[in-house]
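Here the structure comes first, spelled out in structure tokens, and everything after it is commentary.
Here the chain labels run A, B, C and D in written order, and each chain numbers its own residues starting at 1.
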């Protein structure tokens, strides 16, 4: 692997990312699968980086999940998206930051479509006006939440309490970065580092002390694929995709996987359990699984957040071995005992950093 | 074990690295014209058997060459050796001998013993 | 007083045109951007289909120009090219101004930059090389993987940068197939224990004796041909290359680990040509090559009177065609000068 | 002097070979089926015995067949075999008449001169000596040719000669030494005693003039005896075993025994009767056109004898049957080859139970061959009733002009016919049989038979000699099977179709499976005579060439096939005929790409010659039923 080759490509795929005043929209799935991650994002931006992040209470699904499951027509999706943009416009923001990769993909796709087919945009504006009376501006800057963390990776590194380093050996942790398919595969120029060698997560890993693992099935989908998972009979295909990735990354002995998509951490995490139950195979070291994290969780860990505040207890593949490797302290008995009160207490302590 | 209501799918991908190509090697050694095939499909188009049932010598050629041998023998048996394929082959591939050799190879190979 | 013709580009077409023009009794200046003439011939080792040494062709071409007293200017690029009345004024980077009665443009082609096909990882993966890199190895007489070992399993990807909308080139470079076959045979000759795989979309073996070479590659050299466009390459922990391709004839996706992957880079309009087109207002086609005034009987004629094209600056050509095209350009020039 | 130690090698050899031959014949006899044993017993006491003696004299001694095909080669064989026989015959008489006593042991006749050095000085003795010298000279002339043939086979009119294995070489050297050593031994003895006739006497006295003849004679008698003994001892492991075996074969054949379809005593005797004379090699087009010189029948016989590489040889043959026609020993070469092809298949189907027994001490369970039907995808068909069935055959479907011509002829005939494989039917089964896969072939035969029975037809016409042969030989059909040439001949004879004269010069190529394979030689030629000017080629009837396209050969590729086709077509078109006619779709297709002369099937020419207007076009009403037609013809 020639790093300079990759750097040449990364330098070609740099995107503009706004540096403040974000209109943040949550993800349908992530709020349920990894609720700690979005909270952590807000804490990092507001409390650690002191940025202005606005959340609108009337925000709904972008309908991308229905669009990609073939149940929502594109015109409907466009109008729903137009409404989200209207909320942003009404709130006085122009920098749109979705938490979900599929939303990001859908927004990109729709904005691009409108660019090429202004008459469609005109029609959507008209329909939105008729239905809701709202009007919208196309976001001045559209960046995925992981782009924001990527942008501030150095600031986070500067405030880091931990590095992605095995404290026992002093070696960097071997980290697999998995990028959601809808991040850059549709529009390579819209992703940091492009579609073939995305840099958005790799940049964080490098900055925070880890070593990026580039394995043969890096580009492969996690297997979520909407329809593949939603229909139970198809789940065998979904799990087979994850399995292919695990088999491929296994020789590299990764310490952890980091992802930027709602579905990927879910499936890379849960399918490890399923594969172990069905075939008795585990892919991590010492007969353990490979812990899977969202980028917010990793950022939070690096900044010294409490693992249980980050929602790591929601993971099916245990994350404790990794915490031990990094040297992060945690209380095992608190794992499932977290209360809202204790959370807010810890917040205040953190904000004073 | 059907614990979750589904099985882990086996991919359709040909894994060339791990596939067994001994059948192909057996044929290559004895009938070098096997290498000349350009997969034009002439043989399958004229095939007496192919007109009555799903049987494509062209496809079998490829599957043997890739080491996807699992269902090839079953198919090979359907050939009547009538020889029309030889007459249409633009590359002079000795197709009948390939069928005979492939059957031989399968029968000799312990891995595919019936 | 004999008339003066400037030939731009000292590759196959330029050398042939310059030599022949000079033989016609014209005063010829040959401008070459490199320090030596010969163009792509300098990089290629053996030529298809007869596998002769490229230096033989180069010797012939350079012999032709030397014997006919062509004025050669090397390390020269063109800064200005204007037509005033019935003369051309050619201004070079070293400040010379050449006044010519006619100009022959023979700026040739550039090889497609394989790193643009990011999914193949050229410049990133250790063991992904191009057809041109392989020719360098042939010249050295040693084909090795990045770690110096002898590659056993070698893949060749056809149509890299050709017939590919994503690469911006809709056309077929037409010589990559035969180059792939030639190189596959050469590798097998060099390492009889190696196994070769050619991944092709179509085998376009249109030239004289090309198809015969293809047959020979299959029959004598046991080269395996798999029909399908390689979709992606990646690297294993031991630096081998894993490729994914659909074996379209089996109707199944296929995965294979290779010790070395060779990309058959296609032909593109040269950067020098594009620059020249801008300077002189020359028409280029959708494929970015110079557009001749007529496909059938004006393939040397440009939209500027007195300026003619020779060789691969108009479309991909093999050496035979390039030389023929250059000779045709010569006859166009002679014809033009006679009547002007 | 009655005995000398030097005769011991000869005596041992002779006794050994006699005993061996007797035992071998007994074993072979016991291996025969009951019916064949009876045949042989009956034959031994009947006319076949006399026939056999006659044949032995004509073929084994005089080599009449070889003499007819190739005089020089025939002379070589004759001089060695017949000459040696005469030497023994007259030698025995000589010993009996002139020796000290009657009824001598064989060695006393063979080494007569040694024991009677003074013999031959006067009168009748010298005349007899002259005769013996003459015979020896006769044998030596053959030996001279044989030695030359070994190194320059063309001199005796052979393009190729057989290759030898080591034991053959030793035996051959011994054989070559026998007669020169006899000549020298006798000459030295005669030289010493001043006896001998024109050969031994002259040579003897000349040698004695400068050599100590008395002392040198004895070593040469030893050499003579040793070479005889060595030759006899080696006989069973060499090709020369054919000498005694052939006699037995002739008796068996004249008793009416046939090769059959499995290895048996008779086929074994045939294999051992092959003298490797190499005539089959010279006849074989794979040799003469394609340069393949290791698969001919002589090599097959050798491979079977030596148990080596039989399968590869057995399948590399066009099965044109040309070698069967010329084999001077009359071995049924093609049936033996077919046995080997089938045997190859069985080897695979039945795994040897005792394989590796001595290593593992375990008998592996014998695996039953897979006998589940493989062609069960064939559709069940209920054909319309018809009197005449037309079965074009797979190959004919690739030569649509033949198929269309036959349809025109059938239409013109007004017969109630049905084209059963119009949309492509199942294969006839012969290609599978030729590959040795009889079981699979039987499935197709059963399928087609059902089809034919269901149609209720009485006549089955096919355009393809391959199909024709298998329909006749391997189908159990209650219908008359006709090749289309025979069918057309009937139509002409019965005036059912009227034909123009085409005014073309035509050479007819007899397809292998139709001619040598099925014995149909005349009908196609009569049809052609009716419509064109038929000219003769050098390769008429059973001498006809193979086109090279034969399905029987599994091994050769298209290049070799076209070499054969080109040579054959060139021979056949030597007189520049307008048309090269044949009666086989495969021959037509093969020749078409091998010559610029127009190649046409008989059916095509007949269809061209058809006078349509004169035909009563009653498509539904039949003019003749097929049975009537058959009865007439």
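Going forward, a contact is a pair of C-beta atoms (placed from the backbone, for glycine too) under 8 Å apart; a residue touches a chain by one contact, two chains touch by 3 or more.
As the structure is a prediction and not an experimental result, all values here were calculated from the model.
Taking the mean of all protein Cα atoms as the centre, the chain whose own Cα mean lies nearest is B.
The most distant chain from chain D, with centres taken as the mean of CA atoms, is A.
By number of C-beta pairs in contact, the leading pair of chains is B-D. Chain geometry summary: the mean Cα position of chain A and that of chain C are 45 Å apart. Per-chain CA centroids place chain A at a distance of 83 Å from chain D. With centres taken as mean Cα positions, chain B sits 46 Å from chain A. Averaged Cα coordinates give chain C a centre that lies 63 Å from the centre of chain D. Shared interface positions of chain B, i.e. residues touching 2 or more other chains, are given as 11, 33. For chain A, no residue reaches two or more other chains under the stated contact definition. Not a single residue in chain C touches at least two other chains.
Every pair of chains that touch is listed here: A-B, A-C, B-C, B-D.
Against chain A, the residues of chain B that register as touching in their complex are 1, 3-11. Contact residues of chain B toward chain D in the complex are 33, 46, 48-49, 51-53, 77-78, 80-84, 86-89, 92, 94, 96-97, 100, 104, 107-108, 113-114. Across the complex, chain A meets chain B through its residues 232-237, 239-240, 243-244, 274-275, 277-279. Interface residues of chain B facing chain C in the complex, by the touch rule stated above, are 11-17, 28, 32-33, 35-36, 38-39, 58-59, 62-63, 65-66, 68, 91. Chain C contributes residues 203, 215, 218-219, 222, 224-225, 227, 247, 249-257 to its touches with chain B in the complex.
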